[in-house]
Amino acid sequence: MSSTFGRLLRVTTFGESHGPAVGAILDGCPPGIPLTAEVVQRDLDRRRPGQSAVTTQRKEPDKVELLSGVFEGVTTGASIALVVRSVDARPADYANLKDLFRPGHADYTYWKKYGVRDYRGSGRSSGRETVGRVAAGAVARLILSSIGARVQAYTVQVGDIVAEKRDLGFAEENPVRVPDREKAPLMERAILAAREAGDSLGGVVEIRADCVPAGLGDPVMDKLEAVLAWGLMSIGAVKGFEVGDGFAASRRRGSEMNDRMTPGGFASNHAGGILGGISTGEPIVCRIAVKPPSSIAIPQKTVDVEGKERDFAISGRHDPCLCPRVVPVAEAMTCLALADALLRQRAIEPWVKKLEDPLHKARA
Amino acid sequence: MSSTFGRLLRVTTFGESHGPAVGAILDGCPPGIPLTAEVVQRDLDRRRPGQSAVTTQRKEPDKVELLSGVFEGVTTGASIALVVRSVDARPADYANLKDLFRPGHADYTYWKKYGVRDYRGSGRSSGRETVGRVAAGAVARLILSSIGARVQAYTVQVGDIVAEKRDLGFAEENPVRVPDREKAPLMERAILAAREAGDSLGGVVEIRADCVPAGLGDPVMDKLEAVLAWGLMSIGAVKGFEVGDGFAASRRRGSEMNDRMTPGGFASNHAGGILGGISTGEPIVCRIAVKPPSSIAIPQKTVDVEGKERDFAISGRHDPCLCPRVVPVAEAMTCLALADALLRQRAIEPWVKKLEDPLHKARA
Amino acid sequence: MSSTFGRLLRVTTFGESHGPAVGAILDGCPPGIPLTAEVVQRDLDRRRPGQSAVTTQRKEPDKVELLSGVFEGVTTGASIALVVRSVDARPADYANLKDLFRPGHADYTYWKKYGVRDYRGSGRSSGRETVGRVAAGAVARLILSSIGARVQAYTVQVGDIVAEKRDLGFAEENPVRVPDREKAPLMERAILAAREAGDSLGGVVEIRADCVPAGLGDPVMDKLEAVLAWGLMSIGAVKGFEVGDGFAASRRRGSEMNDRMTPGGFASNHAGGILGGISTGEPIVCRIAVKPPSSIAIPQKTVDVEGKERDFAISGRHDPCLCPRVVPVAEAMTCLALADALLRQRAIEPWVKKLEDPLHKARA
Amino acid sequence: MSSTFGRLLRVTTFGESHGPAVGAILDGCPPGIPLTAEVVQRDLDRRRPGQSAVTTQRKEPDKVELLSGVFEGVTTGASIALVVRSVDARPADYANLKDLFRPGHADYTYWKKYGVRDYRGSGRSSGRETVGRVAAGAVARLILSSIGARVQAYTVQVGDIVAEKRDLGFAEENPVRVPDREKAPLMERAILAAREAGDSLGGVVEIRADCVPAGLGDPVMDKLEAVLAWGLMSIGAVKGFEVGDGFAASRRRGSEMNDRMTPGGFASNHAGGILGGISTGEPIVCRIAVKPPSSIAIPQKTVDVEGKERDFAISGRHDPCLCPRVVPVAEAMTCLALADALLRQRAIEPWVKKLEDPLHKARA
């Protein structure tokens, strides 16, 4: 397996759904950044299960411990270990699934790849693995904050319902995390109806990064959008990624797609804040497609390890729609990717010729 | 910059549009694989400009030299250097663009990031950079061939025209590389009309990998779809990536999306051949959104390095739609990602418990 | 900072001397390897402080917890988190050293590099950091055991006293870990005398790996000796590395140094089991120079952060000679390097032409 | 194979002894650094064969071509390809060695590892591979120069003759590259006598880096001495590495080894300019043990691929002592390691609290 993301700022996660703990080591963090467990906890609390009716009812306090890399309240430059003990682990719940390959899950592929499978609540392939990502992402967010950049994700689609507004303040005030006051209750109802029907819903999460300076990203292989895609597509259940106009760009003409530059700055942002793999200084906007959760109550058929057909139904505490809980994870991966790109840019900056940027005035 | 892709099989590319040469070093290739310049040339010829009316008319023979890593016709395990000399370089053509930031291009971001910009035909951010990718991808393709796997990409959308058929044999017989006999001429005409109008068109390219064994991919950070996304999103002009149902999955319910497993194998492939970041053994299917080329003949306005507004028009030899030429590059990145995943799987396989796979019989 | 070692098998350590915990994540371990906390504990117990009069009297039980990557007693292929809580932390002991730059220590360089310094017992630069290495190394040792290879380190020099015998069984029976029954008591006495005098002694540790198959190592940059040197030189207090005849080779002639090959195998092993960066199948033998511990009771002079001259004396629980405790750490780094090289070789092996090895018969 | 060294500044080499070309790609170089082929050529000329009677008589002009990454005389931030065509390749000379395993060479291990061996002049394991290192190192040297740091290597021992002086200016004025006017002719004579006798001599090369700022190096795994050891031990024929007092430190007491810090700076430099894996600001001094060349004219016995005993004698153009030619390669690897560490330090520096360094005044 490969549990590390990043080049200079590297997160390595560990932990299985019903194992004793989950967490991460974040290595390469700059020194001198004020850091406490409380700051990390804030992001973890946003990810925690059981926050509302639209998420799983598993109860995990997810209290993080900061085991290293901090001294007298600031980062030291050393690797930062972040550990969360599991409390509500119920491995026995999964005994009946032991020999089954649940459709849509990684049961068959893990079994096939490793010859051994931790069947307790999906083991390593569980969404619980993202605890370490979110904890590390909280530190990455502080690095970005230190230069004034910020990242927010929010749900923009649930099933067929599409958000039209981007009222970002409102996004954190409703359980679906949608920035649209009108669509929020519709989406919530759709999710509850799906759960009622024993089914689940997909959706789309948008991520927006503001005040990211121009110049981040490392062509040609670590273009900013490529690294964002890598990080975001590594989140379970994500089936697609796009930046700026994304797939809609495929239907445009060049004359429509090109963002005109004016003495007052960029006149539009079809590019989503990235040109040639490098940030333009405009907001970075990308979206990910989240599939409907595979764990549904509706009875399904599948095969077991011996190839026999089996009926089964999942009766657990599952999310009927993943979007609200993917939001903090998507933010975390975005923060990690951007903070890493920032460090990489800082590495060469002393050699970059200082030029007067004609767009700076426009932005100031 | 960061010009390397891969972990065990690593390609590092070099070269600018109008510099003396472009190419790559491929490191980590297994020994004993028959390799000649001719095999690499075959893929390069498919990428070469000037093949038809729907692509740029720049004339580059793009003859590859194999400078190392091969002895008596087989790979030795050493790094393989692949170099292509540029012939039709015309740096002077670009002198008038020297101080301009062309909209949609990386002119501003390179200038901002590096403080210096090779303005000759986009320099490093040119599509010409992909020569090294395609050359290295040809070797990766041989690694995959050695276990019977194969990769093919093709255009499935140009502007608003969507291919419905997947006649893969036909894809290489038409200039648009679309696997649909009815749509091919429509797309070709649309491209020529766009060029005629001084404009350009976007599109979608689909990549399909067949006979990829189950078990490839390294969760949780190097999930197969994440690495494919990384590689494919690092190609210039690509604005989106999706695997299997992709963004359409966001509109599905779990009961529709889950691919049922039967004693006869998977009953569907909404997942696109990957579950939990690991290949299932089903065909891997993904798509990328390609934006319309930014170089258009229609006069545009922009600013120069001093912030002054400038009118300009590009009168060059540009692609009116990138899809046909992205096809071999997308194949190359896919081959590189899959071959790398294959090597990584081989590394642990001696320790994997050999299990009888109930789906094998179905597939055999 | 950079706390990761390895390519396919990657250890990332964390923890400071007087912080709440130390440990590591080992990522990339093959699945199916029987692993328990007890096996890891065995190696940790060999590293533990307070084992004899010749080491520090700090009392740490160093009980390891295995937090992930193991299911039903075997590794799953997932990242393995190994955590050891600190018990005998006494940060207050170090308050008086807060503003001093102790000579021979990393106080000045950490302060200079990071602008902040965890002064409690050297913080991250403490030997306590090696707990994570030893824990991860214990797992790497199991990977090697699975193919019959084994690694042992032992003290071969303390101050001016040089071991002549290689009675490896005896090495673990004496506190200095020297494989020479005659020299062991002399070394022990020398160490105690140095402590008595408030001083400390340097020494040399030799590492020997047996039954390592021919073919491990990745030229030209990851030659086996280069990676071993990297890993072993990253241990605190190590000032030199050599393989085979090492520095003595600089005084030899080619006719003496070349190991003749015969139908019965290699006639000698001046090379130390590595030729051209690849293992020969002979025992791998290397040595590291260990400096005398910098923490001595003799009063010293130094400067403080304000540049004022200061007298000070260290009155702590320090090792008078590091060799006995470096032994398990050197084994750990060697196991990690060799296991990584083994995995990398396995990755390409399916493509390696199977040849009849004329030396195999000799070895069999 | 693995032909890449470095993290942010990464060199990847290619090429075999008697193949068409050798060279490297250097990726991650900062932009804005004046660079011409002439500057690179200067270092290559120092490495070139045939410069004096004490080196091989093979005649290679080794003219470097700069294929990318430079525009209008300065680096652009893009990957830099450096290629040297081989002229005096005589693969036929090696036909008689085709099936032999030459003692001391990598013939057996390459054959065993890869199942195929480029037997022409050692193929990839030839010293000719270092052309790419030296070319890339020349660029790394420029990065260091931009902050005033400089690196010089020189021979300090040949066989039993040890240099006592460090007259660095003289080192480049004699063919052995020894900084000792008295010992130079003795060493030269010893080398010629060894050649006359059909034999070869080992030696020691010392590397010294001046004006390296304090703060470079990334504990705990990428400590500066560890990365230097990695880079220098990856040079063929190097069997040992030490920094500062190195192996002599093993015979010292702590009270002798600790470098006292005074208001006027460090009073000594037993540490060799590195403490805790981070540069102190003092000169970095390390040494490598170079084995006698394995290619000797004296008839030897060995076995062939079928295990038959064979007599053979090497009648080629070989170096009787490698030290003079290892000198520029050791400089190159040191420059690459230091420049990489410099970039990594620059990456975090904006977050490092600016402190008044009490030792600065002493140095100023």
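Order of writing sets the labels: A, B, C and D. Residues in every chain begin at 1.
One rule holds for everything that comes next: a residue touches a chain if its C-beta (ideal position, glycine included) is under 8 Å from a C-beta of that chain, and two chains touch if they have at least 3 such contacts.
What you see is a predicted model, and the numbers here were worked out from it, not measured in a lab.
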Label of the chain whose CA centroid is most distant from the centroid of chain A: D
Whole-Å gap between the CA centroids of chain B and chain C: 44
Chain centre separation (chain C, chain D; CA means) in Å: 25
Length of the line joining the C-alpha centres of chain B and chain D, rounded to whole Å: 38
Residue numbers of chain A (touch at least two other chains): 1-4, 7, 13, 31-32, 77, 113-116, 124, 344, 348, 351-353
Graph class of chain-chain contacts, one of line, ring, star, complete, other: complete
Touch list for chain B against partner chain A, complex: 1-5, 7, 13, 101, 103-106, 108-116, 124-125, 129, 157, 159-160, 194, 199-204, 214-223, 225-231, 233-234, 236, 238-263, 271-272, 274-281, 289-296, 298, 300-309, 344-345, 348, 351-355, 357-359, 361
Residues of chain B defined as touching chain D within the complex: 1-4, 10, 12-16, 19-23, 25, 27-28, 31-32, 65, 67-69, 71-72, 74-81, 83, 113-118, 120, 123-124
Of chain B, residues touching chain C in the complex: 7-8, 30-33, 77, 143, 146, 343-344, 346-353
